Structure formats: C-alpha cells, structure tokens
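These notes open a run of structures that come right after.
In the two assemblies presented below, chain A is common to both, partnered first by chain B and then by chain C.
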Partner chain A sequence: MGIFTRFFRNNRDILKDRHMSEPSGDKEVPTTKKLTENVKYILDAFHQTNDLKIRVLKKGDATLLYLESLAEHEKIHEKIFAPIEMGHTDDVFQLPNAKHTHDLEEAVRTILRGHALYLEEGKREIAQFSVTSSFSRTPEEPQNEKVVRGAHDGFVENMMTNINLIRKRVEHRDLTIKYFKLGRKTNTNVAVMYMDGIADPTLVQEVETRLHSVDSDMIHSPGHVEEFIEDQSNSPFPQMLNTERPDRVAANIVEGRVAIMSEGSPTTLIAPATFFMFYQAPDDYNMRWFTGTFVRLIRLFSFVIAVSLPAFYIAVVSFHYEVIPDELIIPVKASINEIAYPPILEALVMVIIIELIREAGIRLPQPIGQTIGIVGGLVIGDAVVRAGLVSNLMVIVVALTAIASFVVPSNELSTALRLLTFPLILLAGTIGFIGIVFGMLFILIHLTRLHSFGVPYFAPLAPLSLVDLKDTFVRLPMYMMKLRPKDAHAIKPIALDPSREWRNRDEQKQSKQGGDQTSTTNKPKE
Partner chain B sequence: MRRYLIVVMTGLLFLTGCWDEKQFKNVKLVLSLGFDQGDEGQIIQTVSIPTVNRATEGPGSESLQILSTSAQTPLQARNKIDLMISESYDPSKVKVVVLGEDLAKKNIYPILDDMYRNSRSNLNAYLAVVEEGTAQDVISMNHAGATRISNYVSGLLEAAVSSTHATGENLQLLCAELLEPGIDFSVPMLKIEDEGNLLTFSGMGLFHDKAYTGEKIDAEQTTLFMLLEGVKGRVARLTEKIDDNKKEEILDYVTVNVAENDRKMKIENKDGEISVTINLDMKVKIVEYPSDHLYVKGRVEEIGKKLSETLTEDSVDIIAQLQEANSDIFGIGRRVKAYHPDVWKKIKWEEEYPEISIKPSVKVEVIQHGIIN
Partner chain C sequence: MSRRQFFFIIIQTQIGVGVLSVPYELHTVAKQDGWISLLLGAIAIQLLLIGIWVVAKNLPQDTLYTMNDKLYTKWIGRPLSILYILYFIGVGTLIILLFCRMINVWVLPNTPIWVTALLMITVCMYMVHGGLLVLGRMYTMLSILIVFLLILMVFGAKEMQIMYLFPILESGWGKVFSGINQAIFSYFGFIVTLVVYSKVEGTNKQKLTTIVLAHWFVTLFYLFTVLASYTFFSTSELPLVPEPVLYMLKSFSLPIIARIDLFFITIWVINVATSFATYLYLSSIGFSDLFKKQSTTKFIVLIGVVVFSISMFIGMDIKKMEAFNNVVTYSGYVFSVTLPLIMVPLSFWRRNKDKGAGTS
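Up next, the complex of A and B:
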C-alpha cells in the first residue's frame, strides 16, 4: 500500500492518487448508470472466470465484485462492512478508504491487483477497496549467499517487502524507485531503484529505455529480464550481478549503481556489473581488512585454478612432462601408467561426472542430496581409481577444480567458470601449453571487450584505474575508499570525507578516547 | 556454409597438435645413462629404466630394468635399446650421465652431442666419471639403501656440492667450458668400493680440452680446490694439521667452517710473460679444536696465521697438480684472452699454461670459535 503514500503537492492543483505504473494510453470505458451492464462488462472482461465473486447487496441494488483468490475476506469485512455496522456512515461511497473511478477499464485493472469493487444501481461511480491478500515468507537469509558476519536477512517473493528492506537501509530522500509493468500477459511489476544525484542519469535512462523496449507476453524473473537487457548475450560471463541480499543491493545503490527488482522473485539485478564485483562478498567488509584481503586473493586465485588446472595437468602429462620435478616423476608415472584412456578423456569424464553429481544434488531434497554427494564423490571417486579408469592424480585435479569453482560468491560466475574449463581442456589436449596460452588470451580479450551498460567489464584492470584497485585484489580499510568506484559511473565521486581526524589530535587524548570513536566514525559502507 | 568451413578448418588446425602429442604414460623413462669404451671404437651404453606398478594404496612396487648395448654412437645405441623394451625410450628426465674412465680419457663431446642437440634432453643432468671402473658397473650396481641408482648418484653429488667438494655443474654449464679453449673443467669422480655395494666420491677429475687427463684432485683437497675456484657450497669445512708437537696426534688438528670466502685473481703481463696471483681471503669459524684453551690471548690469531700458512702450502700443491695436468680450471686463459689479447695471439696457451707462475696466498681470519672458550 506504499504505492498510495507518495503524494506530492502542487500549488493549487487538486491532488491525485499516485499509482504503480499504469499501462498508459489504454482506452477509457465510461461506466453506465445501469448496474447489470457494468457487471456484465467486467464479467466479460474476465471471460466469466469462476473466481470472480459477485456479492449482491441491498436486495439487488448494489454489488461487491472481487477475485476471491486475491481478496481477503477479513479485509473486506474490516474495510467495508465494519464501518457501516459501527454506524459511521450508511453510504459505502463515503467511506474514506474508498477510491473512486468512472472508468470500467481501470476497474478491471484494480480487480487484478486484488481490489474489491462496489457498484450501485443508478450511480456511475465505482468505489474500489484494496483488500489484497498476500502470502510471503519471512525475509530469511538466502541459502546461496550466506555470510558469517553481517545481516542475515534476504529478499522474498514480495517486491514491497524487498523495497521496504532497502528503504530501511537507505533512509534518504534520494533513493528513487520507478515501477514498470512488463509482460503483456503477466503484467509483472518491475522496479528500478537508484540514488538520484549519485547514479549517472544516462545510466538510469539507459536501463529504463532497455526495460521499456521489452515486449514479451511473459516476464517471470530477473534472469528473464536480464537476457532482454544485457549487452552481450553471446558471452559466458554474467553482465549483471544477481543477489538476494538487501545489504549488497543497498551498498551497490549507494555506490551509484542501479538495481532492478521484479515481483515474484527474490533475486535483484545490479547493473552495471564488472568482473571483480562477482568476487566481492559481503563478508569481506565485515572482516578486518587483512583477512578480507587474504580471502579475496584466495578467491581470485581460485579463478585461475578453476579455469586452467585440468588443462594444465593434461598439457603436462601429454606434451610437456619435462616440467615435472624430478622427485615427482616416478609417483606421477606410477599413477598414470596403466590408465587405459588418454588424459583428455579422463578429464572430460571426471569433469562431467562432477557436474552430474552437482546437478543431481541441487534438484533432490536435502537428505537425498547429501547421499548423492557421498555416493558420487566418495564411492565413485574411489572406485573409478581402483578400477584403473581414471588416475588418482586426475581425481585430485578435478576435485580441486570443482572446489575452486564453488569459491566464487556468485553462482552465475561459478557456472560460467566451469563451462570455460571445457574449451581449455580441449585446447590443452590438442596443442599443450600453447593451447592454454591461446585459450587464456581469448578469455582475456573477451573480458576486456565486454561492456555492461556502457561500463568496461574488466575495470578497473582494463582500463586501468589504480585508485579502484583498493577494492579489487585487496580490500583496504574502508576509510581509505574515499571515492566511489569509477566503474559505477557515479556523478558524485566522493564517498566519504576524512573520517579519522581524531588521530591527528593530541596523542594522550587519543589513546584514551580512540577506542570508542573508531566504532562511530569508521562505519562500513554496507 | 562459410561458417562451418571456418569451424572445421580451425578444428583441423588444432588437431594437428596431436601429432606432437607425447603421452607420458607411454614412455619408458631413463633416469641414468652410462657410457663406456667398447671394442673396436664402439661405445657401450647402459641405461636403467624404472617401471613402477601402481598400488591402490601407498607407493607402488618398483622394478628396475638394466640394459646394455654396444653401438657406434649414442643414438644408435638408443635405437638398439628401443628394440629391447616395450614402449619408447625417453631420455628427457635423465638425472645423471656416468662415463667410464677409459671413455672419458678420449674426447667426450661426441657422447654428449645428442644431449645438447635435442631440445627435449635434460641439461640439468649431472656428469660423473667412474674411477678405475666402468659406467656399466655403476648403473647396474646392486647397492643397499636407495632404490634407484639415479637417486643414489645424484644425491651423492648434491651432497658433495653442498659440502663444497664439487662444483655442481650440470651438462648445460659444462657445455661452454667444454667448447671454449681458454677454460677447462673438472668433473666429479666416483669409485666403486666394498665389492660393488658402495659408491664414493673420490675427487674431482681434471679435464683438459675435451678429455679426462687421468689426474684428479683428491676428495680431501677438493674443498680448498673449490674455494680457490671461488665456489662455496652450503658448508665448507676444512680440517688442517697446524701443530706438530702435541702429545697426542688428534691435538694437532683444527677444523674450521668457512663463513666468507673472497677469491681475487690477478693476472700480470710482463712482456708477454703471464704471472698469476690468487688471493684467497677467508673468514672462518673454528668448529673443532681438540686442544682447547682458545681463551689464551693471541691463540686465535696464531691459529689464523698457521691456517694461512698451511692452506697456502696446500694451494700451491693443488695448483701444481692443475698445471701438471694442463687443466686450466680457473679460466686463466679466458682472462688472458680478454685482457691481454695481443699476448693470447702470440702464445699457444696449451703449451704456456703449465709453465706460467701461479702464486696462491691464503689469508685466514678467525671470526668465531663456538660457544665455549
């Protein structure tokens, strides 16, 4: 109901209700004085659907129309009948929470939003009452983006709840939300959120233009929207950040990015996104910066492992075994000596088995999923080595690769990485190290060419921006990140002014008071 | 259509790489190579090939195959050996190349030519010469301890390097010295003892040009020899007799660890006459001094002085051996060629080198004597 709360005052104009974005330009159909004609029009509009309830009142002189599947009986009673029974008024049209219209088309749309309509014989007016029932789960922490420290709430399927979570975090008038209706048949509410005055207006404009140009019958999730508005579809890399965490969205909005939410899905899209954003986890900002840096370096290192370790191993054992250290040469030789298949087949088989186990584990309920993990991981892994189908080194390599690919905080990028191993395995299996070099070159070239909403995807590495490296490979203390990241294209670059002047004060004083002041002046940005 | 053509062509382009494929599991690794002089100018090549069988748990069982064949050249021998084994012979992980003494006394370059020419050969391998024996004996020796002869020999040589007994030069580093006239090299010598059960490092064999001279610096003197060459391993321990008048023999000796070693070689040219002075400044720690009483004032300095004298005498001895063998290991010729090219052109270095005067002078300074007085 927050949709009606945004009134704004023009000097002498009469106030109008504000709405979620209405499909404008629809024809208006005026009501008639005859009740039956009005009701018939609405019934026809819904193709005589059975859940459209007609409740006859005043001995046939008035009626209440609503979709029983959307309306809540409690609310109908509370909003319409209770005030009359209390004797405040006799006329339903006089009830303060009624909204009036003379347009039958509008009436149809409001029914779809879960309103109840009150029509009376001889009156053109229709009174609308919002009686929507909504079922939503509690904002629990998303299963796929857990953190150790920090906020433990997450988005739900109800967009209003989600916006509420953001507004609670960003209590500022500049937080602007724009609604869109996407999907000709589904009429999905989509919200675009940004900080006015920080986010680049051309970026917001671009997002809006792209959203407006979506002309589809159905829009059911942000992933769906993403495909319509992303820059380059033929790329393994996700160009928008998917998250279910309000703290992450709030932080990105304040950095000057734009968030796109849609009704019915907890996932929020953040644009523009860069490659390194996928490696920043909310956890990093809740740790001490040393630890944060260490964890992030490990995560970035995992990118190299996830993409190239199997390829490297294959290249070594089938082309360049001179590089194996002397001490290792006999153990390696022993483990692969009696394997029937060439290493490239071994690797492909193992990587595909891991993917099978993963996919089976996701779809099954959790207790069975664990069983699959144990059966697949331990039993098959062990048996396959004992049977001599795959060498134990290959099992180690593939298992390490799988673990490394799961380290990425974003599921989208993690899948992309696992996909990228395949071409590199093939290249390494056919031309050895040269193949890996070529493959990595292609990936790097692709990364540097990619753009997300006009922002270079590989920023701040290419184009190089030394200032932004503070939050890329390392995470320096928050108070050093004085500027917003350039890749967000914020029009207000300064994120914070000097926040630790107290350090310059008298040494004695500082030692006494320094401790309590840190906690207030050095707030993390999330 | 064109698109498919491009895909097919790039696919074919990559598949050509499979020609160069060399599956690690399909080769027989040769870890140690031995060469001996055979009859009628032939060479005898001996290889040891470990075959490891995988065990489900723990290390697999290992069996060694020792093969010997005679041929005209190393590659011909390799081809012959290839005919005797399953899969193919691969020398890219050779750890040690052992030469029999008889073969080493001839030109050794022809033996190593293939190793240098082939990009896949392991130039990290050590070279060693068997004293009074054949490489075949070493490669096929049945020794106690380590399983693989390659590990045994390379471990032995690495230990000699770290205790400043050998230079640790591998095939790559020897190559330049092998081909350059102004510098010679020394190669570790191995000796089979204890009826073929034990291998010892017996000194550094002196080479002249491309052949072993038959002379060697004994293992007792190699540390000083290395220090004179300017090479110091992790530990350089010298035990010297500095006294002659103590009651017991053991009290005459002192053992020092060389902490710092600074060698300076000066070459003087007096009207075409080359004379060399080698100054060796050492800072040593006394690690063993059985007669004790180092707290006596001036004792430490006295030991330093005596050590300087003894070591200088030893150095003179070593240099005499070098000159006798006509083995210019210090690379004096190289320096003469660089700094006095006109002299170099006039003389024939091979004939000149044994005649020039080389004066060593060792200065020892004791900087520590352990944690007791």
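Up next, the complex of A and C:
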C-alpha cells in the first residue's frame, strides 16, 4: 500500500536531515562528474589555502578533502577507513554516517564546519563525514561568579556543552532552542533558548527579529551581540544579564525569560533583564531566607553607597558643615584643615587612583596583581595622607565606595556604578545636596524610562508591583513565590501550587490528638 | 495608566512648593484658626472635584483641550485652550521662582538662581519627555519620600503645645472664611484630573473614589503640616517665621545629623520637581492637542525655554515676583474654579447632543 500511495499520490513527507540552521538563499552550484573540476572548485573557494588537505585514494579516482586544522585524524580513520577495512562495505557512499549532497557550495560550508568530503570520479555525489576536532575545557566554576553553596559548574567555550548543561537541568520538552548564524565572515552559531508555553511568544519573536537584523562581518561574543540588540545604547546600565552559570540561566529560563548563547564564549545573555536582577545572586536561594534577605539588603544598600557616598561627603564638607554633629566637627575639621586642595579635587584624584589600581591589577598574573594591590592600596593610600595631599577621611570614603561597588554580583553593573559616581561628585562639589538630589532624580528618571525588550527596567519599583517585591528587597521563602515575576511577561503566571499541605495536615492531626489542651494554639488556618 | 498612578499623580502635583509656606500664609489671615480654613477649603474643593468628575464622565474620551473645543465650539475653545496653556506655563514659572528663592534663602545663598532653575527645568524636561506613563511610575516611586517628610515632621510632636491652638475662633468666622482663600491656593493642581482622566483605566465610580482619596490624602498632609507648626510656634511667634516647618526642624538635632531641616528641604526639592513636571506636561500636551501633533519633544523644549526666560526676567525682584504671584494665583480662580464650573452644565448639553446624534 505504502508504495502505491507514494507513487500515485506522492503525499509522503520525506524526512530530511536536520542540523544547525544553514544560511539559506545562497546560490547552489551543482557538482560535475569530473573529479578534478570539483576539487578545483573547492580549492578555489578556499583560495588555495594551505591547510586544505587532499588525500588521493583509489589511484586517483577518488579523493578525500578536509581542513587539516579542523579535522581529527583519529575520527577520519574511525568513520571512513575502519568500516571499510572491517569489510562491512566497499563503497564509501554506502557508509551510514555519510551525508550526501550535490551542491558544491554546501560542500564548502561543511568543510568549514570540520567535515571531510569524499569525492569520486564519475559520480556527482559528495559524501560528507563529520570529523571535527574540538578542544574544550571542563565546565569549571566561573571565576567571576563564585558561590559558597550550590552548583559549581560553569559554561565553557563550546556551545553544545553549554546547551547540554541546561538540558540536564531543565528536563522538559518545552525547552526550545533555536539556532542562528550571525556574522557574514565569522558565521558564528548563536542559540536562543526559552521555555515554550511560559515565555511570552512576542518576546521570543522580538529577540529573533532583532537577531536576524544583525548584519555584521564579525560577531565574536555575546557582549558584541548585546550592543546590536539592546534597546538603549546610550545608557550606563546593562540591559541584559550576563552570566556564566548554568543554574542561573536555567532558573531564568523557567521564569519565562530568553537566553542567548553564542559559540566560542561562555557568557550567556538573559533578556529581558531588570535592574534588580543584577542584585540577585544564586547564593541567595541557597541560604535561609532570613540571611538571604539580609545579604540582599546589604547589596542594595551598597548601591546607594557606591553611587552617592563620595558626593555626600563632599557636599557635607564643602557646603553643609552644619549637618555634622558638634562632637564630630573637630576631628573632621582637623583632618581637612591641612589639605591644600578642595574636597572635590581630592575625591576625583582618589577615585581615579582606585580605578587605576583596579585596571592595572586586573590583567596581570596573580602574584604581580597582588603586589600592585598592596603597593597601590597600602603604600599610596598611606603616603598620600602623610604627604598631606588627601585627607584621611577622604581615603576612608573612597575606599568604602570602591568596596561597595564591588559588592554588586554583576561586573557590568559595578562598572556602571563607578562611572555614575563622577557626575554626582561634580554636582555635589558645585551645589551641594541640591546637586545630589538632582543627580539622583536624573538617574531614577533614566532607570524608569529604560526598557529591556519591552519590559520596564526598573520594575518592580517603577511601575510598582507590590507582589514582586517578594524577591527584590527581601527574599521570601521559596514556597511563597507562587507567581512568576511580572516583568518576565510569562504567559503562565503560576510557578508553583501549594507545596506545603503536609503542614496543614500535620497541624490538623495534632489538634485532633491534642484535643482540648492544644486546640486553641494549633488551629489550622483555614 | 492605573488608578494607583492616577492617585499619585494628583497628590504629587498638589503637594509641592506650598508645603513650606502654607502654615505661614494661613496664619497671616486666620491666626491660629488657619487649620479650620484649610478644612473648609478642602470641603469646597471636594464639591468642585465632583463637578470636574461630572464633566470628565460626560466626555470620557477627551482631555481638557479637546473638551474646550467641544463645549465652547472651536472659536471660543481654541483661545481658551491657549489661555489654559499660558496659565500652566505661568504656574510652572511661579513654582520655579518660589523654589529658587527658597533654595537661595535656605541652602545656597551664593549660587546664582539660573543654576538651580536650569537644573530643575532640564531634569523635569527629561522626565516629561518620557510621557505620562513615566510620570505616573516616577510619582508612585517618589511618593515614599512623602512618608519621610511626615516622619521628619513627627519630630516636632515632642514639643507640641496644644494650648497654642486655643482659643478657637478667636478672630471670628469672617477671618476664617477669608482664610479659605489662602487655603484654596494650596490645592490648585487638581485641574490635572481633568486632563489625564480619560487616560486612566477603570470605571467612572472607581476613578471618583481615587480622586476623592487623593484629595483627602493631600488635605490630611497639609493639615498635619499646619497643625505641627501651629502647635510648635505660638501665635505671636508665627509671623516671624515664614517657613515654620523648617524653623521647627532646625531646632532639633539627631545624634548623627545635626540639621534635619536640610534633609527636609532636600526631599522637598523632589516634590517641587514633580509638581513642576506635571505643569510642564499639561502645557506640552496642550500644545500637541492644539496642533494635532503626536510628538511633544519640541513643545517641551519650547516651554522649558519660555519658563526659564520668564523666571530669569523676574528673578529675585520681590516686587515683580509679588505681582506675578498675584496674577497667577488669581487667574487660578478663573481656570481651576470658574471655568470647570461653567463646563458642568455644558457637558450635560454636549452629552445629550451626542446621544441624540447617536440614536437618530
């Protein structure tokens, strides 16, 4: 029957190979029957590059082509020669792991992906074998996002490993992954990951359109992609969350957000992001909720310190001396009196010195980096005060600010904060408290106006959403987070159903057993 | 826009420059009975708000400016809208002037006023440029600061002397009623209701509840301010202190902060900014309604420049300022009280006409 339907109705869907999205729309170049012409075409396509290896087989009637630098000899042997030697088949085209094509352009593309091509004289077919060699490190914990408790693995430079890490964590059929090829010259694989049925389809659509419209020669990292697809480039605030932690990505995907990965970089982008997401660390969710809340409050407080402490200090010492209580006036005045420069200059110098030390230490090997830290921090800090260039109070203020800015779990935001200190210092140095107020107001307006993929950036504060404050300033116990955060725009809002019914049941039992004595205290709350 | 945002837009518009001077101004007229005037004024405004609500209910799709067109026909409506815009610009300028003077007196005696004025105007221009939604979100977020203001004022309660309020009605009802005049000034700003009403979600009844709640919140806030200053300063002291709240706070000191009044004024700056931003928004939306343009950017910049130039022209000149203040406050009666009242019957006429047109 099957043969009849196939012949007469021609309605059988032919199953095709699926692999990473091919750049469609390219012209097709059919193969010829002449081996030399085919080989010449491919050689020309690669501009006679020297690492394109040609192995002549069957006394010149067949040939194997591959990029020596991409292919692995072991795999070539294992996939092509071993089966033939074992006598399974004589014809290379019959090997099950061969993929066939008649298109030379496609052949060129597959060579670039690390395939070996097998061509034969008198045959139009080309057999392709995947023999890519890949080097990847083990998924170690990322240096910049360490946690005390919790998973200690991290993304690597190989995208397949990364996706594997996510799939292992989210074992559900709704986890959808879409591949894109970005960069006309680099042909970088980019993957978009989301939970179908939770993530807002318009959001996914928006991410895809924005990715599609990227038309650049080179895409080398998510940071690169970020600048192409973010909403507002003229802003110090990062509008997509960067992370190298699989657990964080998995959690965000299940919350209804979209993750963007790219080949060759361990960093994953998460969109849409809100300001407060940058203050949530994976650690918070492994602690008891009391400690989690406390740590989070400390972190948010550090935002205020990092942005405004130097400004506040300058405003006080240069404009509003009367704010300092009587007992403090003498020590403060004593430390400032001897200094030749106005406080604003002191502050700017100190903040810049700290930035210098940080920037110098960051790329040096660790032993030297530590030396720089000691020389810069201790020696300069001490000497500068003794020399009478900067007051010791200012050193304290600036050091505190630097520490506070490093408390933020996200590196991008911490840089943004340190950048914001400068305008505030200037404003405070010119018009005191009023300047700080206007500076802060400006920052708040900016945050309120920002959007990340259609989601207000400063949610849940502006627009205010009281329910979502449960995971913003505080971290309530996990079983109380019944609804997904609104700012993720999830189409399925309920994240968990009542999960602690056993407690009710226990209480009921207790009150029954306890009878009259305890019934008043242990009444189930219904 | 949600009703919560609507609520906060109303209160943030009304609570503004006035907070510092209301107790003093009420006192000049009604002595220690100023708070009664304030309450009577609140009741009067309450009635007016119901009138405004009726107008907005009858024309549910319109802002103030398109209402003018519909109610008074094009030929009277357009000039009226322009006058409204001018009035809003005037109020905005007045706010800037009072703000600059206050800053000049209390915080920065040596800073030229153009610096503070320019900062205020640019920041508000940036805020208004974001549109009504951004305004609503900002105001909601910033309203937490009103709580701080209240907490700061509670410090005064330690040395409260209820006796200062007695004898009640010493100066007679006549004075109390003329105090209403002063009281109503501090409530101006409710006209914002008429402009944004159509953009708020919810049924008419819910919106009315929001309006009434907002009004009484503002009333209670002012009442608290006035009572705090009247119980701290006696009737004979008050004429000497034009900003009683600040003088009151100045006398207290905390272990870490010696001068609370400076913090009060710093937070107050934000309340002034929100009031000014609303007027900027009202006039810019007026222009865009008038010229049927979607983008308000140009108008916002234009209004900003105009406000800045007028306030520079008037400057710190007390006489000019007094005159300007009088013009603006009295035209407030025309634009915020009289015209909305005239609109009430007209709106019924218009609704009936629309209904008639709809059914036939």
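Criterion: the second predicted complex is superposed on the first by the 493 of 526 C-alpha atoms of A that agree within 3 Å, B and C clash if a C-alpha of one lies under 4 Å from a C-alpha of the other, contacts with A are read in each partner's own complex, and residues count from 1 in each chain.
Definition applied: a residue touches a chain if its C-beta (ideal position, glycine included) is under 8 Å from a C-beta of that chain, and two chains touch if they have at least 3 such contacts.
Just so it is clear, the structure is predicted and the values come from calculations on it, not from any experiment.
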Which superposed partner A:L356 touches (first chain B, second chain C, both, neither): neither
First (chain B), second (chain C), both or neither touched by A:G432: both
First (chain B), second (chain C), both or neither touched by A:V323: second
Partner chain in contact with A:V56 - chain B first, chain C second, else both or neither: neither
Touched partner set for A:T448, first chain B, second chain C, both or neither: second
Which of chain B and chain C A:L419 touches, first, second, both or neither: neither
Touching partner for A:P456 - first (chain B), second (chain C), both, neither: second
Partner chain(s) touched by A:M218 [first = chain B, second = chain C, both, neither]: neither
Doubly contacted chain A residues - partners chain C and chain B: 319, 322, 324, 326, 430-432, 434-435
Of all residues in chain A, those that touch chain C in their complex: 319-320, 322-326, 430-438, 441-442, 444-446, 448-449, 456, 458, 461-464
Residues of chain B defined as touching chain A within the complex: 14-18, 20-25, 27, 29, 50-54, 56, 59-60, 62, 92-93, 95, 120, 122, 148, 154
Residues of chain A that touch chain B when the two form their complex: 316-319, 321-322, 324, 326, 329-339, 342-343, 385-386, 388, 426-427, 430-432, 434-435
For the chain C and chain A complex, residues of the former touching the latter: 2, 4-5, 103, 107-108, 111, 115-116, 119-120, 123, 126-127, 130, 134, 136-138, 140-142, 253-259, 262, 266, 269-270, 273
